[in-house]
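Listed below are the structures to be examined.
Next, two complexes with subunit A in common: one pairs it with subunit B, the other with subunit C.
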Partner chain A sequence: MNFDWDVVWTSLPRLLQGAEMTLWLAVVTMALAIPGGLVLAFMRLSGIRAFAFAATCFVEFFRATPLILQIYWVYYVLPAYFDIQFSQLSTAILGLTCNVSAFNSETFRSGIVSIRAGQWNAGRAIGMADGQIMWYIVLPQAVMRVLPALASTWVSLFKDTSLVSIISVADLSYVSLKIRSETYRILEVLSALAAIYWLMGYPQAKFVDWLHRRYKVAE
Partner chain B sequence: MMPPPQLQARVGSKGSAILAFEDVSKRYGPVHALDGVSLTVNRGEVVCLIGPSGSGKSTLLRCANALETLEGGRVLFDGAEVRASDPANARKVRQRMGMVFQNFELFPHLTALRNVTIGLTTVLKLDAAAAEDRARKLLAKVGLSDKAAANPAMLSGGQQQRVAIARALAMEPDLMLFDEPTSALDPETIGEVLSVMKALADEGMTMVVVTHEMDFARRVGDWVVVFDKGRVIEEGSPKQIFEAATVERTREFLGHLGWHGESNIEAVAAAKPARS
Partner chain C sequence: MSISLTPFINSWPFLLKAVWITLALSLASMGLGFAIGVVVGALRTYGGRACDLGLGFYVDTMRSIPLLVVLVWMYFAFPLLIGRSLDVMTAAIIGLGVHLGAYMAETIRAGLTSVRKGQMSAALALGMSRPQAIRTIILPQALIRMLPALGSLFVFAVKDSAIASVIAVPELLRQTQVVAGNTYRPFELYTAAMLVYFVLCFPVARIIDRIYRRVAYLGSS
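Moving on to the complex of A and B:
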C-alpha cells in the first residue's frame, strides 16, 4: 500500500476553511442556544401552565430525537409542507440551536432549582422582586454551578456540527469528504480529518476537565 | 390546655404599636405551626420570642414580612395589613423590615460590600457611589470595614452574620427581625453578633428576636414571649418571665436550658395580679 500524504498538505487551506466553518457553527449555535436555553428554562419554571407545557414539549422532542433527523426535517419537511425555505447554513444553525437549547434548558433548570430557598428568602427580605432575585442572585450562582455541564455540551456540539455536512454546509467534515471523493485518498484524508478534530477538541475536553475540578465544590 | 393570653397593655412600652399579629394561624399540612397567635410589638421595643424548637417562633417572623401566607388572622404593620398574596404590598413591607436569618443567607457569589449594596442599587435604585458609601458605613458599624472585599466563604460565621445585619440595616428599616441569629455560630463568635445586636437595641431600633440566648433575652429584651406548640403560652417583662413565670410549661422550658431563676411560690403569687 502506498500513501500520498501530499494530498493532505495541498488540501490544507480548504481543510482549514472547513475547520473555520465548524468553529463558527459551534460558536454561533452556542451563542443562540444559551439565551434559548434560558428562555425555555424560565418558561418551565414560570408556573404559567401554558408556557411550561410548550417548553416541556419542545425540550422533550429535541432531546429525544436524533439531531440528524432534526436537520433533515428542517431542511426537507418545512419547505415541502409549510412553504418555509431556509438556506443550508440557516437550516444548520436552526437545527443545532433547537437541539442545544433543549439540552441547555435542562442544564439551566437543574442549576436554578439547586439554589436553596433561603437565597430567595434573603432576596425577598430586602424587598427585591422575584425577577431581580433570579437575575442578580440565583442565576449567577446557578450558572457557576452548571458551567462544567455547559462545557460538556459545548464539546458535544463541536463534534455534532459534523452532521450538517449532510445538507452540504461546507464544514470540516463536508470539505474532507469532498476532497476524499475528488482524490480517492480515503485513509489520508480521513486521518487528517481526525487529526484536525482532535487537535481542536482535545484542549476543549481538557478545559472541561479543569472546569469540573475547579467548580466541583459547591460553595 | 389554657386559652391563649389576651393582648394587654404592657408596663415597659416605649411607643405605639408598629407590628401586630391578630389571631394568626399557619399550617404545614396537618401541623399547626401557629395556632391563633396574637402579639403586639411597639416602636423602640426589643421583643424576644423564646420556646422549644418547632414551637412557631420562626414561622411568626416569616409571617411578619410576608414570606408565609396565613390560614387565619392577620398581620398589621404600621396599621396596614400585610398581604403575602400581593407581591407589591409584600415588597413594600419587606423594604421597611430587615430580616436576619439563622444561616446568614449571604449571597455567596458577591463580596461583603456587594451583599450590602445589592438591595440599595436594585430596590432603592441608589447610584453605585451612594450605595457603596452607605454600605461602607454599615460595615464599619458592625466592625467589618476591612472585610468589604471578602467573599462570604472567607469569613467566619460571626462575621457573615454581621454582614447580614449590615445588609438588612442598609435598607434603613423601621423594624428588624432576627431569626435565631446565633444558633448556627461557633460559641466564640456568638458574642460579637450579640454585641452588635445590643448596640442596635441601645440606639432604639425596634427588634423582634427569636433566640435561645436567654441571657440576651433577659438583659436586652423589653418583652419576652414564650411559645409552645404554635401558641403563645406566656408573655411578660424579662424579669417576670425569668424570675416569676406563672405557666408551668415556661418554667419547664427554662429549666431544660439550665435556667431556674427565682420561680418560687411567693414570686409567682406576687406576679399574678400584675398580669390580670
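Moving on to the complex of A and C:
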C-alpha cells in the first residue's frame, strides 16, 4: 500500500473553502437559533395554553427525530408538495435552525426557570413590569447560567453541519467526499477531512470544558 | 396534493425489516459504547494522570469530529489501512460505538465522581481491593444515578444510527430513500419514517425517567 499525501496539499485551498462554509453555516445557524430558542422558550413559559402546546410539540418533535431525516424532509417534501422552493443552502440553514432552536429553547427554559422567584418579587416590588423584569433581571442571569450548555450545543452544531453535505451544500465534508471520488486517494483525503475537523473542533471542545468550570453554578 | 398509502401496502415488510436493523444497530452501538465508556470512564477516574490525559485525548477527539466523518472514514479508509475490507454493518457498529463511547465515558466518569469518597474508604477498610470496590460498591450506585443520562444517550444512539444511511447500511432511513426513489412518494415515506423515529425515541427518555424515580433511592448514599 502506498500513500500519496500530495493530493491533500494540492487540494488544500478547496478544503479550506469547505471549512469556511462549515464555519459560516454554524455561525448563521446559531445566530438564528438563539432568538428562535428564546421565542420557543417564552412561548412555553407564557402560560397561554395554545402557545405552550405548539412550542412543546415543535421542541419534542425536533429533539426526537434525526437531524439528517429533517434535512431530507425539508429538501424533498417541501418543494414537491407545498410548492415552496428553497436553494440547497437555505434548506440546510432552515433544517439546522429548527433543530438547534429546539435544543436551545430547552436550555433557555431551564435557565429562566432556575432563577429564583425572589428575583421576580423584588422586581415587582420596585415597580417593574413583567417584561422589564424578564429583560433586565432574569434573562441576564439566566444567560450566564446557561452559557456552558449553549456552548456545548455550539460544538454539536459545528459537527452536525457536516450532515448538509447530503444535499450537496459545499461544506468541508461535501468538498472532501468530492475530492475523494475525483482522485481515488481515499485514505489520504478522508484522513485530512478528519484532521481538519479535529483542528477546528478540539480547541472548541476544550474551551467548552473551561466554560463549564468557570461558570459552574454553585448555590 | 394527494396522499397515497400504496407504497406502504407494497413495501411494509421491507420497511419493517429496516426498523429492526435500526434497532439492532442502535442497541449494538449502545452496547459497544457502554463497554468503552465503563473502561474509559473508570480509567480516567481511578487510573492516574497519564491515563486521564491519554484517554481524555480520545474523548475530546470524538467530541470534535462529526459522526458522518467517523463513519465514512471507518468504512472507506480504515480497510485500506488494515488491508482487508469491513462489512458495512460492522463498520457502522464500530464507528457509532467508538463515537458514542466517548460520550458514555464522560457520563460514567461524572457518575463515578459523584459517589462520595467515604464509600471508597469504607470499602477499602472492609478489606476490598480497589477494583472490587469500584465494581461492587461505586459502579452500581453510579449507574443508577446515570440512568437519565443513559436514557438520553440511547435516544442519541437511535437518531445517530440514521447517519449510517450515508454508508448504505440498510437501516430505516436508507430503505425509506430506496422506496421513496422507486415510488416517487417522498412525502408519505419520509413523514412515516419521521413518525417511526419519533415513536422509537420520544417514549424512551420518559420511561427511563419514570423508572429512575422509582429506583433513585438505590443510588443515594
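Keep in mind that, in the parts below, the second predicted complex is superposed on the first by the 216 of 219 C-alpha atoms of A that agree within 3 Å, B and C clash if a C-alpha of one lies under 4 Å from a C-alpha of the other, contacts with A are read in each partner's own complex, and residues count from 1 in each chain.
Everything below uses one rule, namely that contacts are C-beta pairs under 8 Å (C-beta built on N, C-alpha and C of every residue); 3 or more make two chains touch, one makes a residue touch a chain.
Since the structure is predicted, the reported quantities are computational estimates derived from the model, not experimental observations.
Of the two partner chains, subunit B (first) and subunit C (second), which one does A:Q204 touch, if any: first, second, both, or neither?
second
Between subunit B (first) and subunit C (second), which, if any, makes contact with A:Y136: first, second, both or neither?
A:Y136 contacts subunit B only, not subunit C.
So, A:M144: does it touch subunit B (first), subunit C (second), both, or neither?
First partner only.
Touch test for A:G118: subunit B only (first), subunit C only (second), both, or neither?
After superposing on A, A:G118 lies in contact with subunit B but is clear of subunit C.
Under the stated touch criterion, which partner chain does A:A50 make contact with: subunit B (first), subunit C (second), both, or neither?
Neither partner.
With both complexes overlaid on chain A, does A:I126 touch subunit B (first), subunit C (second), both or neither?
first
Using the superposition described at the top, determine whether subunit B or subunit C touches more residues of subunit A.
Of the two chains, more subunit A residues are contacted by C.
Is A:S173 touching anything from subunit B or subunit C once the two structures are fitted on A? First, second, both or neither.
Touch partner of A:S173: subunit C, not subunit B.
Could you list which residues of subunit A make contact with subunit B in one structure and with subunit C in the other?
After superposing on chain A, no subunit A residue contacts both subunit B and subunit C.
Quick one: in the complex, what on subunit B touches subunit A?
Touch list, subunit B to subunit A: 62, 65, 67, 87, 90-92, 94-95, 97-99, 101, 103, 105-109, 118-119, 122-123, 153, 164, 167-168, 170-171.
Under the touch definition given earlier, write down the residues of subunit C that touch subunit A in their complex.
1, 60-61, 63-70, 72-73, 76-77, 80-81, 83, 155, 158-160, 162-163, 165-166, 173, 177, 180, 186-187, 190-191, 193-194, 197-198, 201-202
Which stretch or stretches of subunit A touch subunit C in the complex?
1, 60-61, 64-70, 72-73, 76-77, 80-82, 155, 159-163, 165-166, 173, 177, 180, 186-187, 190-191, 193-194, 197-198, 200-202, 204-206
Using the touch definition up top, name the residues of subunit A that touch subunit B in the complex.
Result: residues 118-119, 121-130, 132, 136-137, 140-141, 144, 219 of subunit A touch subunit B.
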